[in-house]
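A, B, C and D are the chain letters, set down in written order, and residue numbers restart from 1 in every chain.
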Amino acid sequence: MSESIKALTMPKWGLSMKEGKVASWLMQEGTSISPGNEVLEVETEKISSAVESSEGGVLRRIVAQEGETLPVGALLGVIAGANDTSEAIDAFVAEFQKNYVPPADDDHDSGPKTQVIEVKGRAIRYLRQGDGGTPLILIHGFGGDLNNWLFNQESLAAKRTVISFDLPGHGQSSKQVGNANFGELTQVVYDVMDALSVPKAHLAGHSMGGAIAIDMALAHPGRVASLTLIAPAGLGPEINGGYIDGFIEATGRRDIKPHLEQLFANAELVSRQMINDILAYKRLDGVDAALRALRDKIFPGGKQATVLREKLGSLSMPIQVIWGEGDAIVPAKQAQGLPASVKVHVLKGAGHMPQMEAAAEVNKLIEAQLG
Amino acid sequence: MANNQARGAKVGVVANPAAGRDIRRLVAQASVFPIAEKRNMMTRAFSALGTTGVEEVLLMPDGSGLSDRIQRALKLPLPEGQTWPKISFIDFEPEDSPADTLRAVKRMVEQGVGAIIVLGGDGTNRLVARAAGNVPLVSLSTGTNNVFPVMREATIAGLAAGLVATGQVDVAEACYRNKLLRLEVNGTPSDLALVDLCISDELFVGSKALWRAEGLDQLFVSFAEADAIGLSSIAGLIRPVSRRAPFGLWFDLCAPVQAARVVTAPIAPGIVVDVGIEAVNSFALGEAVLVRLGRGVVALDGEREVEFSPADQVVVRLAEDGPLSIDIERTMMLAAQHGLFVRNTPVARGAGVRTAQGG
Amino acid sequence: MARKITYQQAINEALSQEMSRDPRVIIMGEDVAGGAGTDGEDEAWGGVLGVTKGLYKKFGDRVMDTPITESAFIGAAVGAATAGLRPVAELMFIDFMGVCLDQIFNQAAKFRYMFGGKAETPVVIRTMYGAGFRAAAQHSQCLYPVFTHIPGLKVVMPATPYDAKGLLIQAIRDNDPVIFCEHKVLYTLEGDVPEEPYTIPFGEASVVREGKDVTIVTLGRMVHMATEAADNLAKQGIKCEVIDLRTTSPMDEDTILESVENTGRLVVVDEAHPRCNIATDVSALVADKAFDSLKAPIKMVTGPHVPVPFSDVLEDLYIPNAAKIEAAVRLVMGKKN
Amino acid sequence: MQLSKADLLKAYRMMKTIREFEERLHVEFATGEIPGFVHLYAGEEASATGFCMHLDGRDKIASTHRGHGHSIGKGCDVDAMMAEIYGKKSGLCGGKGGSMHIADLDKGMLGANGIVGGGPPLICGAGLAAKVLKTGGVAIAFVGDGAFNQGTTAESLNLASVWRLPCLFVVENNGYAEATSSKYSVSCDDFTDRAAAYSMPGIAVDGHDFFAVYEAAGEAIKRARSGGGPSLIEVKLNRYYGHFEGDAQTYRGVDEVKNIRATKDCLVLFRRRVEGAKLLDASELNKIDADVMAQIENAVKKAKAAPKPTAADLMTDVYVSY
């Protein structure tokens, strides 16, 4: 069997994904593909996204038809050399299907699992994937959790250890937020690094997590190898206070949906499952108080209380800023006028969640910075 | 048993449905005497009375269900082998108050009953005594503080009452006369007690029973038994006096802390307390003692009955003209001596003993 | 941390967490401790099916075995709720409502209105319902429509472990009387449940599955039957939207109407007897408020108008199942204009 | 038993207020202005007063359809009660309850009750709450001779005894369950016989005599407060009016009520006792009479003038939140 024949399979985005639906093929059979090209769109309960090819070659065979729902790992298409015979490809498909076993319904024993560590009296949930290199730590934003990185972590973990975790008051970590300011949250990053024996890490922070990453780099520059700031807070006073308040006050599906739609350039990405997950989070004891405390300290009166913009220039590690052009939460114009040492990437067609809406591009930019 | 003297003999039965229902069940776990048992006692007595040849039993009506039970029992066939006298209710509308008892006993006396069976406690007997005159009583205990009535099987009590009522046993031989404590307020006879009369500084009659040692001021007893329950036990444990002794006792009481002598006495069921004794006095028949307290209540046989104020002059007198009581033991002894329950039969006289084959 | 536990464990955990949080929360019922006053106290039953197991050991006297005296202890729970406690009373089987209904519908339900809005009666009555245990006519009924009928009561019907925990915590914190109905067949069902306490508001239906062709409104155990039917139908190209009402009072009318406006077709699945049940109620709602959206007549899939039978063959016939639901869906699809 | 002068005045005022409230309702009901039906407590005042005099804010009571006396005893506002009976918005329950559902939970009055036997289970719960929360409170279920035969009462006696609750079960036996005699309908020979079956003390007390009720109530309440458990008290009394207003009472003797009023009236007996013993002057009692008359007159006037609820009130007060 030719080594040039490769399978394109249903990806696993996040821990809970079991299956995906083929929404549309972005390329036709016979198209030449480079690694990283987006080949098709897949919808999951949580979100839709493009599937990138990690291989180069020709899209020789489309196996999964549009509208079909398939389990993780199922064969979607075949990428091969232009010279591989149709028979060889037929044989490859037959062989794949013969050996393919869909993941068991109860997949608790397989794949990466989140873990919990106790950090100064708080339980912190984290997910460690990959191995080696200087680790990359992913810091989510206000109201988010480690699942915000579901399109990024696995891909980035191919070359290094990648750790995502839930900030206090978020996800499945303890809901006590203490002083609820950057000092408190930065200390948590520091403590998590200690607890996981990470002396130095690349930090990627989204939104409020971006500001935490900057604060960490300012406080402990020796432990930060680089910064990737995605739609970060901390670079200007403006923020969409209506979104913050709406997110906190909303109690049901109907009232939270319009707020969540502001996160994305494409509002249709807000699926029912995403709404349900956020509501389930918000309904945990302690979350409401935590969110309000953070809002009152970090975003009081619909403004950002702390602007670290001027201090970026003092940092010596590589810094890049990635912003969605259509960000309705933290305006992309805050990306302008930053010190020359800071690389700025404003992505078209993305809103406040570029790591989800433009995952391939964001992953590429992070890879590039981390080298 | 055969008798020819029973023609027209009547016996009264007074059963107090309220006896054994007072507050002492709440404060001292006093015994509960179910009405069903009172009814059963009555019917056992009826059977015994029938045996002795009593022709009619007069009953007190009541509004608490006891007479209803009897009425219902009368509609049923009698237990095999029993012959009851005619059972009549004295005809008046009961008020469900002590007045019912007085009224019923008065009517029984008027109708010539030869004996009255009383089912109740000291309180019930006290009421009966007020109206019974010279009609002898058989007093069976169903109350709370029972000193005057006795615990006896109702069948035997019925036999004794029947023997006296029908004249088969002589009243003079079978009975004894009780002493009595008479209460006079402002020179007028007010009420009486059979066993004990106690003065307390409580202001109100309230729920009647007197079970608190606090505030007891004076105690008068017509007799005092060492094994009695109730206020008379205070006297009985210091100086017992028999029912038939020609004197009684009276005491000045005080708080135990102020007393030179303290007696621990069962003043109510389940309540054994210290009572301070200030003075013990012999109480002669006919003697009158002026109550020393200005405002308080008088408890007759353990029940608060009379409130008095400083304007009232309260006097207690020991009298010898109390009710007649039938001495059950003596009555039955006399019946045995006279062979009243034994007769010879024709079979025994001549025909010989039946053989097994003949049976 | 979310992890998989059973429906029964989820209920137990909700009770335990709320009792830890609030000393006013007490539990009472027949054998909820189960073994109080015996030598085996520590290994107490914890309810006839073990739902409250371990709580007696943990909370002692706050888990109170009652005599078999539904009128008195359900009433006592109601009275205690007016006097400062937050009792969770267990009415072992919903079928036993007959011996304590007065205390629920004439007392608890009406206090607030009768007393001019001044009474709060934060009592929860947990009760087991439903067929499937071969428990016959007096231990298998779905009588929640009776409670749903009564103003002043809230009626909760969790279908999953996640909902069971969140809705029970909500019920305990709620200041109105709540009838919390647990399907006995679901006790062993596993599902993801966060370890932390959390709530689910009443009157919010859960859209278990999205679809554009037919709306299936259902509740309780039937949610799983309907989902199974929807899975099968999806393979035939029929996309069902499955709505789990979660609470029948209050009822999430908006979600039902929104869905029917999208699909134009309605199948209502209710395990209860067909007269005056939740299926008729939902059907009437849609007929009243969304008639113009309907492309086909409404179909109801319910238990029949007979008592729940004992023999397995008969009971299986009695209970609505996926096949009956699929048939109903195909029927409404066949009437497509 | 000792009662201060203030206690005696308070007791008399309470009994008199109940009496005047009921007598006035009897008159006003006949005019047709009062909707629905009312069950009057006149004649039974010594019972409610004898118990309620011992109660404070920790304590709870549950009443019956004949609940005005208990409500006044437990401190419900008389004006608001009267307005409620007239179906007015200013009523104690906003005009949504009426005579049979007067309640004031803030005062520990868990409600008159339209269901015969509705109260005892609730009182078990109120007693349980007092026990669990260690408030030292007691809970009293007032029931009539009719409710005494309800399963709820029997079950509650058992539960209260099993759990040793600080509860009292007060059976106000006025001889009639509606029109049926308790002699017919109560199978045991004596009400208190049932107490023994539930391992609690049962006593009977003369409900015409405030002092008798007061003392028995005090002992039972003291026992309950100190952890001694429940008790059953039969209060033998009479009602002056029918089961409800308009009841011709054909089932009662010709002069039955007349005789009772003449010989056993609890207010008359009270006055005779305290005046006779020179504990209170007639003038002091007469003043209370006059005060109460004015108070009730004022309550009726205000109730009649008060506005009715509006359409907006129909849908409110069903749930705390829905």
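Throughout what follows, a residue touches a chain if its C-beta (ideal position, glycine included) is under 8 Å from a C-beta of that chain, and two chains touch if they have at least 3 such contacts.
Source: prediction; values computed, not measured.
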### Task
Kindly work out which chain lies most centrally, taking the average of its C-alpha atoms as its position.
C
### Query
Looking at C-D and A-C, which pair shares more C-beta contacts?
C-D
### Query
Taking each chain's centre as the mean position of its Cα atoms, how many Å separate chain C from chain D?
40
#### Entry: chain B and chain C: spacing of chain centres that average the CA atoms, whole Å
66
#### Entry: Centre-to-centre distance between chain D and chain A (centres being mean Cα positions), rounded to whole Å
69
### Query
So, what's the distance in Å between the C-alpha centres of chain C and chain A?
38
#### Entry: Per-residue multi-chain contacts in chain D, two or more chains
none
### Query
Which of the residues in chain B come into contact with chain D in the complex?
17-18, 21-23, 25-27, 29, 32, 34-36, 38-39, 63-66, 68-69, 93, 95-96, 202-208, 295, 307, 309, 311
### Summary
So, in the complex, the side of chain A touching chain C is made of residues 106, 108, 114, 116, 123, 125, 172, 175, 251-254, 272, 276, 280, 283-286
### Query
Where on chain C is chain A touching in the complex?
1-2, 4, 162, 166, 194, 196-201, 204, 206-207, 210, 254
## Note on the structure
In the complex, the residues of chain C that touch chain D are 24, 26, 61-62, 64, 66-67, 69, 71-85, 87, 102-103, 106-107, 110-120, 151-152, 154, 174-176, 203, 250
### Task
Can you check the complex and tell me which residues of chain D touch chain C?
60, 62, 91-97, 101, 103-106, 110-111, 113-115, 118, 120-126, 128-130, 132-133, 135, 139, 151-152, 155-156, 158-159, 162-163, 316-322
